[in-house]
Amino acid sequence: MIALTSTPIDVASALNYLQSSQAGAVDLFLGVVRDNTQNRPVDRLEYEAYDKMALSEIQKIVDSAHHRWTLLGCVVIHRTGTLLIGEMAVLIGVATAHRADAFDACRYIIDTIKQTVPIWKKEIFTDGEVWVNAHP
Amino acid sequence: MIALTSTPIDVASALNYLQSSQAGAVDLFLGVVRDNTQNRPVDRLEYEAYDKMALSEIQKIVDSAHHRWTLLGCVVIHRTGTLLIGEMAVLIGVATAHRADAFDACRYIIDTIKQTVPIWKKEIFTDGEVWVNAHP
Amino acid sequence: MNSSANVLLFGIARDLTGQSSVLVPLAPDTRVSDLLTTIHKQYPALLGIQSLLVAVNGEYAEADQPLTPQDEIALIPPVSGG
Amino acid sequence: MNSSANVLLFGIARDLTGQSSVLVPLAPDTRVSDLLTTIHKQYPALLGIQSLLVAVNGEYAEADQPLTPQDEIALIPPVSGG
């Protein structure tokens, strides 16, 4: 399951989707909005996506993970819009027979999402704002 | 939070416990009962613990993880008793500022639990049963 | 024949131009690198972005990829999802 | 003075002896290795376990650790949690 959503991510339904009688391991990674970036206090984040391409780039990453590991299930959900401190920005969930594959695949997916998927994050501080990674 | 429990593990309350305004990453590992071991069909598992020592050995592992990484929160919950296919045997949850620490600490904790914590698992097949790791 | 392409802008590119898309003249045989040159002339502020890739029909495009007026074209500033 | 220790058994050790604890004579100066020797004589079936550690008061004990009747002693077969 791959989705972009402007409403809060539901962990329970993601876990439900990952249920498999062959699964011995589930690794779930949650990216969360934290209250600071390099000690500068963050007020909120705004996520923007090129939806169609973001979904197809995530699909490529998931396909590549399926190619590298034997995955029994895989969920990627990314929030868009305004997110407050403590809110979940992204959920990656992977179910496998054995735990090493779950950890490796989950980590690969989040690392690669951060490199290739057209989603942009603006950090809004109390005294300004910045598009992350945009400036030299 | 460290716990042994004979009732189903509640993911939502574990996540709730891991909430921290400084957390940017949460890694959650779930060990689940799968329907086979080396292609032999499993009917159910029975977990037994030397409770007092299991809790103190888990505490040592969590302390050591806190020593190696900066953890904002850590949850370890292990089931005991009879578990059916698809049930969660163990939950490890780690909250950190950055994701690499969450993955590394979570993996370290589950790997070490499997090596040192006095908990024993009996696999019950349709045609027999075996204490895992007990025989040469 | 003079045609043009509607180029989608996101994130900092949208903020710097104040527009979510811009019309760019598209001469015959225009390639991705030509489009970038044209856009940078039209909107010099975009030169302040660390890197700017181009997506054509939802796929990252190479600099020498030819463009047609039917293509969906987007500028991709450095991504920062997750 | 003849004393004895109540040794807790778990997992396969409990299954092989049919008991969740066994009383083992504890002569003065008995060490962990002596206890294991005594138990293995009393319950030879336990020799079939891949490895058998001893915990004293909830901590893994070395072979030369001395035992007293006040200690909580447990046999620890290979663990398999998680």
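Things to note:
Should a chain be cited, it is by its letter among A, B, C and D, assigned in written order, with residues numbered from 1 in that chain.
To be clear about the criterion, a residue touches a chain if its C-beta (ideal position, glycine included) is under 8 Å from a C-beta of that chain, and two chains touch if they have at least 3 such contacts.
Predicted model only: the values in this text are computed from it and were never measured.
The chains touching chain A as well as chain D are B. Centroids of chain A and chain B (each the mean of its C-alpha atoms) stand 23 Å apart. Chain B and chain D have Cα centroids separated by 26 Å. Averaging C-alpha coordinates per chain places the centre of chain C 74 Å away from that of chain D. If each chain is reduced to the centroid of its CA atoms, chain B and chain C end up 49 Å from each other.
Residue positions of chain B touching 2 or more other chains: 31, 110.
Counting partners per residue, chain D has no residue that reaches two or more other chains.
Touching pairs of chains, sorted by label, consist of A-B, A-C, B-D.
Residues 8, 10-12, 14-15, 48-50, 55, 58-60, 74, 76-82 of chain D touch chain B in their complex. Within the complex, the chain A residues that touch chain B are 11-12, 15, 19-36, 85-86, 95, 97, 99, 102-103, 106-107, 110. Contact residues on chain A toward chain C in their complex (touch as defined above): 31, 47-50, 52-54, 56, 78, 89-90, 110, 113-122, 131-136.
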